[in-house]
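Input: structures, listed below.
Paired with chain B in one complex and with chain C in the other, chain A is shared by the two complexes that follow.
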Partner chain A sequence: MFEQEDDIVERVIRQLRRPVSIDPGVDARVMHEIASDAAPESPARRPLLRSLPWLAAAAVLAAVVVARPWTRGGNGADAFQFVLVAPQAASVSLVGDFNDWDPARSPMQTAQGVWATVVQLTPGRHRYAFLVNGVEWRADPSAPRAMDDEFETPSSVVTVGGRGS
Partner chain B sequence: MMLTALLIVAQVAAQDPRLERLDPETRSLVVAVVDSARAAGLPTEPLVQRALEGATKGAPGTRIIAAVRRLTVDLGVARTALGPRSTAPELDAAAAALRAGATPQLLSELREARQPPLTMALSVLADLVASGVPADSASAVVLALAPNAGDADLVEFRRAVERDISLGAPPGAAAAVRALNTGIRFTGADAGPGQPPPRPPSRP
Partner chain C sequence: MSDPMGIDKVEASDAELVRRIRTGDIGAYGALVARYRDRLGRYAVHMIGDREDAEEALQDSFVRAYRSLARCDDPARFGAWLYGILVNRCRTTGARAARRRRMFVHDADALNGATRPEAVERLEWTDAVDRALARLAPEYREAFLLKHVEDLEYEEMSRLTGAGVSALKMRVKRAREQLQKFLREAEHV
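Moving on, here comes the complex of A and B:
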């Protein structure tokens, strides 16, 4: 019985390993569509509604974070929503340059394991991380990592730009 | 005696209250670094934030001081390379780019090649290196994109490279191929001048 299953698995693997021929122009066309879709506004400044597919994808993964701007505030600051899917967490705080690395400033609210909060970000490069259960530092798996992790805990980076966005 | 006491009081009064989260010894050294940076005309907020990050993460004082000093040096190098009119966000991003392996020469070339602000270009450069793209390749690509690409284009470029890497492409090749797709001739380490362009990564 197991041999029969192994044979099926082998056949599936062989099918999956078969080379797939792709039109060499497909990549350029896809990138063109993406570029034309993104042109009117920065991908980093889309309304929250357009980031919902990200949230759907996040729900599939164990922990995925999405940071997307929400609304424009004063002093050139944008409101960014940060989301972390962490069903097992009892508490999550967003901590970074924008809140003086104070875990009490941006506690995240949860709905069925999806943690979220909104913070104002001014233009510039901001380092941040998530503090889970008050003890565990987590980087944002969907954002660039900060290279200068001199404190031996992971941090991520979000950059709020200006020109052409 | 009285003068010394007054100076100490003045220093404490001028000290950023946020730094009270540091232990007294670390705080006094961080304050000294911050004061010297301020006197040199460098932005001090990134230094304060680096110290606060260390405090929140429970780092030892020596490590916090070392991190703040190193960032001060990087900000100074960045300011020299980018010029005295550089903004604080530009210098902060440039410090990250330097840490990633960009050279001061590249920062100066970016300043010449691109209208300000340079914040996003510098940040994308640092992010590409963090994704595994060799520093010289990332530098070459960002410098080539800099004259005409908007911030949104740079962000999209970085995301495309990250997608390719997540699909298994070697980071240097991913950056090179994406650069070729934008129409620029890539001359980074993975495809030096005179070399044929790298093949696009095969898709599963």
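Moving on, here comes the complex of A and C:
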């Protein structure tokens, strides 16, 4: 038997206020889509890493990597930001041949599960991976896979174009 | 500390994150998406009634907000500004496609316990609420959700929807009356 009107409506309100679980892949898909944009109010539009198309597949995961030119550095290097959406991780480090695979050199900072760090990359091919919680070596399965890894750990490849890319 | 939307501020403020985004820190936008995803997602799911369409509307709203960030005049009120984008996006979705309703299980507990009588009763109630909500006119549903579920003040609702306060009060009142009527009808089916 239903209650008085106010009781019914209050019960409806309590029901509708319950949390609704939203696919965390929304985060990844948003980050993927805006990765192709210039930063808002950014004075210059810069080319993206050539490896970005694999983000389309990565977007179905709860984690995604966004790499984009950040600022121009010396010696032909540009600074690139790497972003990993990993809400469950306690720590994440970016490791690659650009930092001698040393997790202490590029620890990622988090804001509500979004981990980010900026590294200098010179034009060319770079191998990289993410070290999650200090033990889990993670390469995105849809990223180009490094086939020449002598350590037999999964790693991905990004290719940084030159000035004209 | 809360902003005018009643959203608690933790870690970096919205204004700080917006400032970082404007200097090119795309990761800061990820933090804003994570911050507002569930609350705005709840509104979209209830307003549109279809989870896939709601998540598409939510995703599109976040992307539109990023691309329009230069027009966010008060970064401290980013949440309210984002809400306005989502409200409009939900209206577009509702006008574009016939409303499709799907019954969905709200949490793992409900799914796992659906064979228990109390769980079945809860799912029936949830479905009855979803169906009653779906029968409301979109402007009534919008006003009811913003007022009673999202807990907004009428002045804020007026800014988001473009409707006057008195009109919004009338819509909320009608929504309450109709929800009660629809749920009583459901009881006798």
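Rule of thumb we're sticking to: the second predicted complex is superposed on the first by the 96 of 165 C-alpha atoms of A that agree within 3 Å, B and C clash if a C-alpha of one lies under 4 Å from a C-alpha of the other, contacts with A are read in each partner's own complex, and residues count from 1 in each chain.
Convention: a residue touches a chain if its C-beta (ideal position, glycine included) is under 8 Å from a C-beta of that chain, and two chains touch if they have at least 3 such contacts.
What you are looking at is a predicted structure, and each value in this text was computed from that prediction instead of being measured.
Asks: Determine, under the contact definition given at the top, whether A:159 touches first (chain B), second (chain C), both, or neither.
Replies: Only chain B is touched by A:159; chain C is not.
Asks: Once the structures are superposed on A, label A:97 by its partner contacts, choosing first (chain B), second (chain C), both or neither.
Replies: first
Asks: For A:85, is the partner it touches chain B (first), chain C (second), both, or none of the two (neither)?
Replies: second
Asks: Please work out whether A:116 is in contact with chain B alone, chain C alone, both, or neither, and reply first, second, both or neither.
Replies: The answer is second: A:116 touches chain C but not chain B.
Asks: In the superposed arrangement, what residues of chain A touch both chain B and chain C?
Replies: The answer is residues 20, 22, 24, 27, 31, 34-35, 39, 41-42 of chain A.
Asks: State the interface residues of chain B toward chain A in the complex, per the touch definition above.
Replies: Those in contact with chain A are residues 18, 46, 49, 52-57, 59, 63-64, 66-67, 70-71, 88-89, 92-93, 96, 99-100, 115-117, 119-120, 122-124, 126-127, 129-131, 149-156, 158-160, 162, 181, 200, 203-204.
Asks: With touch defined as at the start, can you tell me which chain A residues reach chain C in the complex?
Replies: Residues 1-2, 5, 8-9, 12-13, 15-24, 26-27, 29-31, 33-35, 37, 39-42, 66, 68, 70-71, 81, 83, 85, 87, 111-116.
Asks: Looking at the complex, which residues from chain C come into contact with chain A?
Replies: 11-12, 17, 21-31, 33-35, 37-38, 41-42, 45-46, 55, 58-59, 62-63, 66-67, 69-70, 106-107, 125-126, 129, 132-133, 145, 148-149, 176-177, 179-180, 183-184, 187
Asks: Can you name the residues of chain A that touch chain B in the complex?
Replies: That would be residues 20, 22, 24, 27-28, 31, 34-35, 38-39, 41-44, 95, 97, 100-103, 123-125, 127, 137, 144-148, 150-153, 155, 157, 159, 161-165 of chain A.
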